[in-house]
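Okay, got some structures for you below.
The same chain A turns up in both complexes below, where it pairs with chain B and then with chain C.
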Partner chain A sequence: MIPFLLRRLVQSIPTLLLASVLIFFVIQLAPGDFLTPARLNPGISPEQLENLSRNFGLDRPVWEQYLRWMGNMLQGDFGLSFQYQQPVLDVVWPRIKNSMWLVLLSTLLFYAIAIPIGVYGAIRQNSLGDKSINVVLYFLLGFPSFFLALIVIYFILLARDATGLDIPVGGMTSNNYDALSAPGRVWDVLKHLIIPAVVLAVSDAAGLTRVIRGQMLEVMRSDYVRTARAKGVSERSVIWKHTFRNGILPIVAGIGGLLPAAISGAGFMEVVFAYPGVTPMLLTAIGTQDLYLIAGFNVITTILLIIGNAISDLLLAVVDPRVKVA
Partner chain B sequence: MTHQGEVLLAVNGLKTYFNTDDGVVKSVDGVTFHIKKGETLAVVGESGSGKSVTSLSIMRLIPMPPGEIKDGEILFTGKDGVQRNLVTLPEAEMRRIRGNDISMIFQEPMTSLNPVYTIGDQIGEAVMLHQGKTKRESLEVATEMLRLVGIPAPEKRVNEYPHQMSGGMRQRVMIAMALSCNPALLIADEPTTALDVTIQAQILDLMRKLQQEIGMSILFITHNLGVVAEMADRVVVMYGGRVVEEGDVVEIFKAPRHPYTMGLLNSIPRAGDAAHVPGQPKQRLEAIPGNVPNPLNLPPGCPFEPRCKFAVEACSEAVPPLFDTGGGHMARCIRWQEFEQAQVEVNA
Partner chain C sequence: MTITAPTKAPRARGQSQFSVAWSQFRKNRLAQIGGVFLILLYLMAIFGPFLAPDGLSTYSTTNITRFHPPTPIQFRDPETGAFTRPFVYQYGQELNLDTFVNEYRPTDTRCPIYFGVRGDEYRLLGLIPGNIHLFGTGQESPDCNVYLMGGEALGRDLFTRIMYASQISLTIGVGAVLISTVIGLLMGAMAAFFGGIVDTLIMRLVEVLSAIPGLFLLIMLRSVFPQDINPIFALYMILGLLALISWGGLARVTRGQLLSVRELDFVSAAQALGAGNSRIMIRHMLPTMTTYVIVGLSLGIPAAILGESGLSFLGIGAVEPYVSWGSLLAQAQEGGFSSITQRPWVLIPGFFIVFTVMAFQLLGDGLRDAFDPRKRS
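Up next, the complex of A and B:
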């Protein structure tokens, strides 16, 4: 295992280098830079602009900016956000944490929904239940999730008016958060998380459900499942021990993608629910061309993807004896 | 064998149909046969003759739907001495029979073992299930079974996974698994078809040896008449979902009374056949012309009639009954007496 990890580490160096080059130069492809709006402002003198430009390093050629950025990153310094005037990590980290809670909860729900439905669909293939669940899931998949979120918010607001219950539909904490006790704070955050997490999980569940259903159907037809039945194994054990255990192998192989996904935020769901996650920050950063904030965040995502893939491979070797980590 | 003569399994008028989009496929259409204790019965037939469906019906492992056991009974006397009709037995009781009283080995040893569990886990599963043993005890049984089927270093192999073994080894593991609970009946569905010839002989030897040690009956499903000659006491020949001939193995080989059986026998080379002499015309093996009839569209008369070189007009009128030709021999052919006469003349 140690040689495997070392080899992965060495292999990740060229990957990361190439990724960082791409990230940096693609951002530069957009016209203008962070100071473009300032240049259009008659209130800012050319000297001030030149000062700022020199401070931010924007007066240097692109390749030199890249090399300095790269050099600093090797020392653990991801640069400064122009907009926040703070180190990138300090800006990004709290938001990554917020996003991670939301994404983790929705991922848990995602699997909790997709696995039973997928297994059910395989056992009762083409039954009325299987077909109607499929229709609903595909409808939700085809529906833009932010729009679904808006509809959900609308109905929750109706319910709130009707019942007087305080169901939060935005943000991550209530106004009185600071006054709450520790368990109260957890409960408060959970209350805010649950609705966006459910909407997110439900709207994407069709894909994984379909994969699990297909996998189960394939394994159920396999010879070793027939062998298990011929041994007199109970139907429950046939399904979970012999079929499901083999059916999830490809899903385990893809689990590494969860790590970068966890910090990449919940996309528009965060915007719609005014959730202080990564996405709103990233959108503003792109809009204002906050170079190092975007680039730094993307490099972190790439690193996590590489780590996630290594974890995936290790996990796969744990669940599938035919796979050797090498 | 002490119980020789007692009937262990009696299949009476079994009908297993499959409801497909194109119509009802009568895979097994009124099959009757029996197996005595300690006996090896071979069921022979081409692909599609219904022999595998018969064995899966006995195990009640026919996928339902689309399959359905329409009619008939399967009377089986378990290790407890109680006779049950497996067709109507509740699923929970059937599960206690599977792997315990009746076990099964399959044609594809490469894919018949679960890739993610060790050999020991898979053999031990049945032992824990049926004999109430603990995990540790079941692994000991598994090790013993591996030793019995001739796997070297069983203490080590018991912790290995299927992918670490060859096809022949895996079939030995399947046999070990099938015999781990001392079944009264072992159903072997073409157990050597996927193996190469030297391994085939080893597996057959092993099965014969274990049958003598354990005393179980074997239902041997095959299309290989060489294997039949080596293994079977009695033979059932199936065609188009029906039994067309049944009898003692020596009788079947010496004096077949159904043209299909004759065709099967003529289509295998024999040691006595003249060797090919250069310059002389080659002696050809006789193949049965044509194919197994489409099960959705069986001819109204004898299902073999379209391929039969002895067919007469009466053959296409009605399905012939099974004629008792004497001495426990049966044949589903209206001209069986003529064949018997001819055989007597040839053998004389």
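Up next, the complex of A and C:
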């Protein structure tokens, strides 16, 4: 296990380096340099500018600037966000945590929705239930997630006006959050998280459900499933042990690839539900040309993604004994 | 006893892959419905300026009609009950002193609707000038307006805006997928053909592009351009960005396919006949990708349309005065959540997105099945 993780780590270094080069040079393409927006900002003193300019070696050739930027990052210094007047990491980290909660919860729900429905569709192929689920999923595939979210908000607001229930839409905490006890706080955040997470999970699950159904159907026709049935293995075991475990292999292999999509998808939910995650912050950063923030953040997500990919490889080895991790 | 003379069976003619696929496609009713809807949608986009009663950004600066509600078209005279020329009531605004919300109420003034009325000038396809609109209230009474689907934030007619937005929403996605297909094929072919360092570089680039979440990559690329860019340039930019981040998958597949095809007999035969490298590449090897590319195009376009609408929704896509369905939807967010319930009609553009994407998906699934030998019946 550990040698495998080490090997993955070593393999991911070139990708990470290239990604950082790409990010750096894209940012370099912007008119002016890192400090142009800062020079226009009266809140930053000339000494500070001088200091920053020296720190990042803006008078040096481009490749040397890149090395310095990279070197600073290795020491955990992602630069200064001009908009917030704080180190990038301090600005970004709490928001990444917020976004992670949303992504985690919606990913859990995503599988909790997609797997049972996909398996049901395969077992009862062409039944009325299967057909109606298929039609609904086909509709869902065409819905942009933000549009689905807007519709859900519309109906929740109608329901709220009609019943007077306090269903939270938007934000991450209630106004009285600071006054709540610890379990009360968890419950409060969860209440705010659940609606965006469900909307995101449902809008993404349509695709996966169809894949699972297709995979299950394919495996069900194979010889070893027929053999298992002939031997009198219980139906439950045939479906979950023989068929399901083989059917989901390509899906497990793709978990790592799903992560970028899940993070991007969560971005739309954050914007629609005014959730304090990373995407709303990045969108304001475009407006203020807060380039360090954007570049530093992109590097951090790339690292997180590479970790995610390694986890998905590990999972694949757990599900499929034929894949050796060592 | 009768002997039936053997009827002379028509000689079976070899069928090309396309004629087989076409005959399969003809059997798939759903895919055909998708195709017909798409043709209608594109016709709607082309003749949008004619169908719309107003111009792209016509609004009154004196009589501001923010989020004007839809005006139902009346066909009967309310007093006599007889059929009359269709008309809408003119709406008046009044500030509700309890809620401080502007409320619209129909007044007694009637705005008759004329067909083939002259109005704002436009150019169909950018070429054919015209000023005739399918319907409208004419120019005699400037305060008279028909709002088929309500008004938007500046009081412009939402239906008109949707018609104009369809031109952008329907072209950017298609354009982006076409460009990314060309890039993907070229890059994949180059990687397979040159091998070595070029191969490594291109494949690493593909890996890096897929390692950064798409939305954030787009946000980063957008941040390179200044905030107040030329609106036309913004459209090209968004098209280019969408194409730039989505060619990776195709490049990977092309490389794999070409590497395996390179070893096949027909390539050696072409080489033996003295064909040049570029000829072998273009005439012999790349055509083996045709099916994959057709299916990939038809399934990639809906994804690109969704992508464009998402970016425009976030405000990094189409900018004023141009609109796309996504940027129209962004207005649903204006003024906080609670205002959606007062103006549900701002959600209408979203249904156009759903409808278009569904039509493309039906067509794409149909094409995929038509080219798939395992699904033939």
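Things worth noting here:
Criterion: the second predicted complex is superposed on the first by the 279 of 326 C-alpha atoms of A that agree within 3 Å, B and C clash if a C-alpha of one lies under 4 Å from a C-alpha of the other, contacts with A are read in each partner's own complex, and residues count from 1 in each chain.
Methods note: a residue touches a chain if its C-beta (ideal position, glycine included) is under 8 Å from a C-beta of that chain, and two chains touch if they have at least 3 such contacts.
Every value quoted in this text rests on a predicted model; they were computed, and no experiment measured them.
In the superposition on chain A, A:W93 contacts neither chain B nor chain C. Using the contact criterion defined above for the overlaid structures, shared-chain residue A:P321 touches chain B, although it does not reach chain C. Once the two complexes are overlaid on the shared chain, A:F25 sits clear of chain B and of chain C alike.
Once the two structures are overlaid, the count of chain A residues touched is higher for C than for its counterpart among chain B and chain C. In the superposed model, A:W63 lies in contact with neither chain B nor chain C.
When the two complexes are overlaid on their common chain A, residue A:W187 makes contact with neither chain B nor chain C. In the superposed model, A:V233 lies in contact with chain B only, and not with chain C. Residues of chain B touching chain A in their complex: 59, 61, 95-100, 103-104, 106, 108, 111-116, 118, 122, 125-126, 129-130, 161, 163, 174, 177. Residue ranges on chain C touching chain A, taken from their complex, read 204-205, 207-208, 210-217, 219-227, 302, 306, 309-310, 313-316, 326, 329, 332-333, 337-338, 340-341, 344, 347, 350, 353-358, 361.
Residues 14-16, 18-19, 22-23, 26-27, 29-31, 138-139, 141-144, 146-147, 150-151, 153-154, 157-158, 161, 169-170, 257, 259-261, 263-264, 267-268, 271-272, 274, 279, 282-283, 285-287, 289, 291, 294-295, 297-298, 301-302, 305-306 of chain A are the ones that touch chain C when the two sit in their complex. Residue ranges on chain A touching chain B, taken from their complex, read 222-234, 242, 245-246, 249, 319-322.
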